[in-house]
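Order as written gives the chain letters A, B, C and D; numbering starts at 1 within each chain.
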Amino acid sequence: MTASDLFGPLFATNEMRSLFSERATLARMLKVEAALAEVEAAVGVIPRGAAGPIAAACNPDRYDIAELGLAAPASGNVAIPLVKALTAEVARRDKEAARFVHWGATSQDIIDSATSLAIRDGAALIGRDLDRAIKAFAALARRYRKKPMAGRTWLQQALPITFGLKAARYAAMLARVRAQLHEAANNASVLQFGGAAGTLASLGSKGSTVSKKLAASLDLDLPDLPWHGERDRVAVVATTLGIVIGASGKIARDVSLMMQTEVAEAFEPAAPGKGGTSTMPHKRNPVACAQILTAATLAPGLVASVLSGLVQEHERALGGWQAEWIALPQLFLLASGAVAQLAETAKGLEVDTERMRANLEFTNGLVMAEAVQMALGEKLGRMEAHDLLETASKKAVTEGRHLREVVGEIPHISETLGEKKLDALFDPLAYLGSAEEFIDRALKSAEQTLAKSAKPKGKKR
Amino acid sequence: MTASDLFGPLFATNEMRSLFSERATLARMLKVEAALAEVEAAVGVIPRGAAGPIAAACNPDRYDIAELGLAAPASGNVAIPLVKALTAEVARRDKEAARFVHWGATSQDIIDSATSLAIRDGAALIGRDLDRAIKAFAALARRYRKKPMAGRTWLQQALPITFGLKAARYAAMLARVRAQLHEAANNASVLQFGGAAGTLASLGSKGSTVSKKLAASLDLDLPDLPWHGERDRVAVVATTLGIVIGASGKIARDVSLMMQTEVAEAFEPAAPGKGGTSTMPHKRNPVACAQILTAATLAPGLVASVLSGLVQEHERALGGWQAEWIALPQLFLLASGAVAQLAETAKGLEVDTERMRANLEFTNGLVMAEAVQMALGEKLGRMEAHDLLETASKKAVTEGRHLREVVGEIPHISETLGEKKLDALFDPLAYLGSAEEFIDRALKSAEQTLAKSAKPKGKKR
Amino acid sequence: MTASDLFGPLFATNEMRSLFSERATLARMLKVEAALAEVEAAVGVIPRGAAGPIAAACNPDRYDIAELGLAAPASGNVAIPLVKALTAEVARRDKEAARFVHWGATSQDIIDSATSLAIRDGAALIGRDLDRAIKAFAALARRYRKKPMAGRTWLQQALPITFGLKAARYAAMLARVRAQLHEAANNASVLQFGGAAGTLASLGSKGSTVSKKLAASLDLDLPDLPWHGERDRVAVVATTLGIVIGASGKIARDVSLMMQTEVAEAFEPAAPGKGGTSTMPHKRNPVACAQILTAATLAPGLVASVLSGLVQEHERALGGWQAEWIALPQLFLLASGAVAQLAETAKGLEVDTERMRANLEFTNGLVMAEAVQMALGEKLGRMEAHDLLETASKKAVTEGRHLREVVGEIPHISETLGEKKLDALFDPLAYLGSAEEFIDRALKSAEQTLAKSAKPKGKKR
Amino acid sequence: MTASDLFGPLFATNEMRSLFSERATLARMLKVEAALAEVEAAVGVIPRGAAGPIAAACNPDRYDIAELGLAAPASGNVAIPLVKALTAEVARRDKEAARFVHWGATSQDIIDSATSLAIRDGAALIGRDLDRAIKAFAALARRYRKKPMAGRTWLQQALPITFGLKAARYAAMLARVRAQLHEAANNASVLQFGGAAGTLASLGSKGSTVSKKLAASLDLDLPDLPWHGERDRVAVVATTLGIVIGASGKIARDVSLMMQTEVAEAFEPAAPGKGGTSTMPHKRNPVACAQILTAATLAPGLVASVLSGLVQEHERALGGWQAEWIALPQLFLLASGAVAQLAETAKGLEVDTERMRANLEFTNGLVMAEAVQMALGEKLGRMEAHDLLETASKKAVTEGRHLREVVGEIPHISETLGEKKLDALFDPLAYLGSAEEFIDRALKSAEQTLAKSAKPKGKKR
């Protein structure tokens, strides 16, 4: 569904939909077949002349996707009919060469190596959008570092924070998951090449040489040994995508809550026709958040499927492996959409700092009670301060009045602190503890992460 | 993925892929729009003349799926751009009529009612294939009711059963889940019609009349009230599909185990090119089982996503509802493939009763030790019988000999029971307890279920 | 964890914790053993005199739970060491009787039948609390049927609804899931009795009679045949509990959103020390909602585990069955806590109807724009009405003024409708469509459900 | 359940059950409270004399677990009643000191830091058992490097492998997940300290100093900023445990398949009373495998719950965070049991190499057809070789004869290769490709992993 033309754009980027299109999936498998033929010809496992015709036939446009799909059920996967079709295509040019198609490989070698290529490239796309989101939230953190808003716990206003601190927390979280994704994708960008039972038996003594060159040719790492039945690396990619999506969902949840009619502190960037309804002109639906939250609702289940699939039978299995074909692309697609929407949301977020400050007044000053109590405690001792504030707060609640007003009327408080000091204590900016230091540390870490992903590398990733 | 041309045929029936194709999805939404216009015109909510042009424009072939898909992200769903496109299409013929498109409805009304139609029709397809599978397993139960095989617990041979009993258990289970599916789909085949906030406010006093007629026109039930945010009925469909798939997976697991090279008792039906590999002519891969087991690996996660989505915000939500669009079709698709493969497997199952009987010899008669002990107990008392058999069994294991031989050499046993009786006790068919009665009861229940689904009904389901 | 003394009370009722306590679990297994002995003695399968000593030893207090637990790993389940301990206990009184303990049964028979008892009783407990919640929400629906509040979609104010309608939706949903639970539990309250391989071989021709009487003695239904490997009934119970919890979560999400400092429309019932924090006197944490939402976060995964477990091997399996022991009790425990908290929340919910009405003013009258447009449309034609309202709404937004004021200044509007009519149109109660009818229908259905569960039955459920 | 006395031992180690016992959980929270008081006293945030009495009261044995549990629901967590009880306990000795209990902290600070300690120590326990399993499988890889067995794909015999290769694949996989776990636990062993809204406001300018010293005192890392609502690190631990369990499940699945009566190639180590049944003396149930597979059935759902919980509201949330309290300990408990059982299974695995070789004969030599074809191809050209072998294989299948016999009768084959060469070609050891090289590489990697975890560190982990 997530790859479809109708529902796809709602949940995935166009780039990622291209990467996991049927044509591109085919292209990756054919890329592996072509590289295999070229390497084997170079090494002398197959005749030197066979590589050319095989590579030439590895053009995905030559194959009928629907036909391959319909042939798949009899074989159990799409690589087997593809190899058959490829062999026929080569044979049309060079009968001899056709006999060396797919030499020494099993269908899972082709599918898995193609998946490794998809992981490598898909993670790079998501990484790039994560970098954009990190940058944007870092910018918000810097810009709003001194703009107070209500810190909310249990969906209740608790104490003041700044919007900059909130954004810094997001940036730091995204930087952490970005590093995780980089690592997971790197570890999983490995060749699969083992032949029918994972021994490369049909290549005799040349298995090792062919493997090494094949990995290099595909820009994949060479694993210690084939991993047809040991899918931990793929599972780590899946779980990491699940965490990327969940982290995006956390932020989307917050933004959608801040966009509530009654809160109205921050808004997804406006765009013509976006999130509006003609009959309800006041509404501005958090459509980007909804798309991210949808991904966050779907991802845990998809991750669970991949984890269930780990329990595989012997050398090559039935059920667990095949489930990856469905679940892994969906995780990439959903992650692509979630992160891209998140980056756009962060970049264009409309922040209403006045409303943030105004909302801090919702409790009639009670969010500042702790600040007054602390200041008073330094003079009167903590116990007395606590008792005084408790009484004042209860009074403010009962009478529906502002706490500042109430404490102003309690001589023991107003005289001890003085009116000016009391006014100052009701300034949320004066009660932010280590917020700025936290922001600075988070920004520094985020920058280090961004610097790492900006570094040029020999490899594509 | 499961709906795609490349991977779809592996995991879903063509019929179900058609039912959930992008075009058919569009068609269902347009069907709801057309019915709405017709009902509202009949009732006088919109001008009588508006219905014709609207209904005429509700032809799915007039719309560009990719374009609608690309317009969806700004609105958050595909119904909003569809309504826009439909309005434009109507306007091309009749500007006045165009103003009455989608009158009084919210986009979720259209999407949900279309989903109800899909549930109704999708469940009917799966029900039909479940009936086929039940019939086929019932036939196997009848045919093999007296064919002994090893009952296996913990993947170890335990006591003899018959293959008929095994098949009867499958038939009974499938009959139970078939009844569940029927009920779940029936309950969920309900209209959604509530307008922007679920009150049908813009229809004034006519909401009730329109709702009733709309439900009738779509052959859906009329619910007590709109259910935009209360998705329990949809969730029951999802969980039931999860159980249908899991039940199919149980049987597929068994068949794949029986097909093992070393067991070789039953086989998926052969077909040219099915499950074979040219280089390994002895292999007969359980490809249908693999496809079913893949569905069984994926389904629990998809069900979990739908359940997570139940927690929705207020009148219409963000995230939880939208996740259904992705998860529910996949469950239908996977269930369709799993059940169809299961029905085919059951119908054409190749059963090797000789091998079943031969495998019972793997333990050198130990699977019959309990039978001998019981018979001996009647003569000698249970305690003595137990001790004698324990000694004999140990001897058989240690010396690698057949238990029949060993007990024949123990005079106290052979004389008590006699050679003829002893021979008879080693006949697995003589130690099957209530197996036949169980088969009869299961067959009767299965037949009742089949009879129920064969009954003609006014409604489509 | 959910059963533990430290975390249990947070998430489960004391009753349900008792039902799934280690001692009660043991007691159910012993109850099955006792009933088995009594029935077999009555039927003559075991000596008449054996039943008494066996039944006498089936007292859970005689057994050391920790010792049984430590013995379990070698056998793979707790029934095997329990049978051993029970046999020893019987032998202390009557050596002969000890030989007939557990006669003809396999350990899974005991564990599963005990589980059926737990399902029956656990569902009754949850059903009772669901009834309480349904009643309480029905009362809220009646009481607040004419109290307007903002209908919210996408977390944005959309159109007015009443709190009564919201509560009616909850009552209707809970009534539906209550009926589902009743049905699921009834279907799963079945005996398990099949012996080692599900044939009751060791009972010879008496299997059927013993089964029938054993089911009756335990107040369980008699299934067609043993179901050691076919767990669909248990899975339906698990998924239904998942839906019960998810439905509770939906309501808890709503309540927690209404409790937000900035919304403040409804509150969990207050209790001394509940949800408060001494340093933040203004806070009233939605602690009951949090407990329900925690259950809703955990349940989908537990359901997925049970569904994954459906794929079992042959006659009795390894892994899938055993997972039920952990997942099923947790679902019961979490459901018990969620539903009980929900019932309490519903019963004591503090509703601030003034605040609800005041919040409707958050949009400066824009939530009523559609109502004005509809009225205007009847006089001026819909198109002109739409254009006039669109202009007015935009003006209201831009100038930060109330829509009533703005439309009053547009002569074409104010003259057409008149000031009095205009005032009336801004009354949310005048734009509620079919809300009352919906409430009535929902209440009627809820009452029918309650009536059904109140009916006295022969059986315990 | 997994922590209980009755079911706990089946699925978790005693050590891990101790680590997550209610008492130990309490002890960790009190450890954080004690350290907090000591650090704050040292820094001068609280009176120097307050630390002693507070630390003295932080003795878990002083508190009534059931009482704390029953008090938790009103507060929503167990830390709040614990702080209350701790304060009362301190007050009994020193009223003044009692006022400084929990100074500046929020209950989540205590619970999360305690969780970090549990993660650190729990991961160390699992890491140690993973090391044991890796060592044991590496030893099997070395010992059986030249012992042939059937490589099985799709549960069908494919080509020969060696048992050493299989074990090497396991060792390599476990080494990879072991490294992942080390990293995940290291990253998550961080302090949580932010106060009510994550700013440490009540500590004024001393928040940073206290944090740093508190982290050091608890042997935890200092994070950039509080992470009350950003749970990615915990999620990575959960997903990694899910992968550890899944990897264990893969091996358990294989072992249970090899233990099948009809395969009988490898067996869990025997122990008195383990996996046996008195009435079926031939059975040897794979009880350790069952326990591992149960964990593997449960883990994906628990991981999904933690991932769903990532979507948290604002500064501190309701539902998502709390779900960790239930899911995370269960993952640790299940992982502990699975890995410990796996290590024991690996250490004591009984391998029947004769049976492995005998089973290779199940196909009447067809598993070696590819080897003959390859050798023949070098002499006759590949095409002719392929055709000859295809004919021979079909003949062998049809006539139920051994392929060696059949090819011996085809002069073109027997003359080309000679009888001696033909005999050699039917030796599975001669057709193992790169198996030994793969083993060597895997062993080297495994050793590097083991060396890393053996390195002494300053920190506990």
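Observations, loosely collected:
One rule holds in what follows: a contact is a pair of C-beta atoms (placed from the backbone, for glycine too) under 8 Å apart; a residue touches a chain by one contact, two chains touch by 3 or more.
On a predicted model such as this, the values are computed, not experimentally measured, just so you know.
The chain pair from C-D, A-D or B-D that repeats the A-C interface, sharing more than half of its contact pairs by residue number, is B-D. The interface with the greater count of contacting C-beta pairs, when A-B is set against B-D, is A-B. Between the CA-based centres of subunit B and subunit D the separation comes to 33 Å, rounded to the whole angstrom.
A separation of 24 Å divides the Cα centre of subunit B from that of subunit C.
Shown for subunit B are the residues that touch two or more other chains, namely 76, 152-155, 158-159, 196, 249, 256-257, 275, 279-280, 285-287, 290, 293, 296-297, 300-301, 303-305, 308, 318, 370.
Across the complex, subunit B meets subunit C through its residues 76, 99, 106, 151-155, 158-161, 165-166, 168-170, 172-173, 176-177, 180, 187, 195-204, 207-208, 211, 224-233, 235-236, 239-240, 242-243, 246-247, 249-250, 252-254, 257, 293, 296-297, 299-301, 303-305, 307-308, 310-318, 370-371, 374, 382-383, 431-435, 437-439, 441-442, 444-445. Remark: subunit C residues 150, 152-159, 256-257, 259-263, 275, 278-287, 290, 300-301, 304, 308, 359, 362-364, 366-367, 369-370, 373, 390, 393-394, 397 touch subunit A in the complex.
Interface of subunit A with subunit B (complex): residues 1-11, 22, 25-26, 65-66, 68-70, 72-78, 196, 249, 256, 271, 273-275, 277, 279-280, 285-287, 289-291, 293-294, 296-298, 300-305, 308-309, 318-320, 322-323, 325-327, 329-330.
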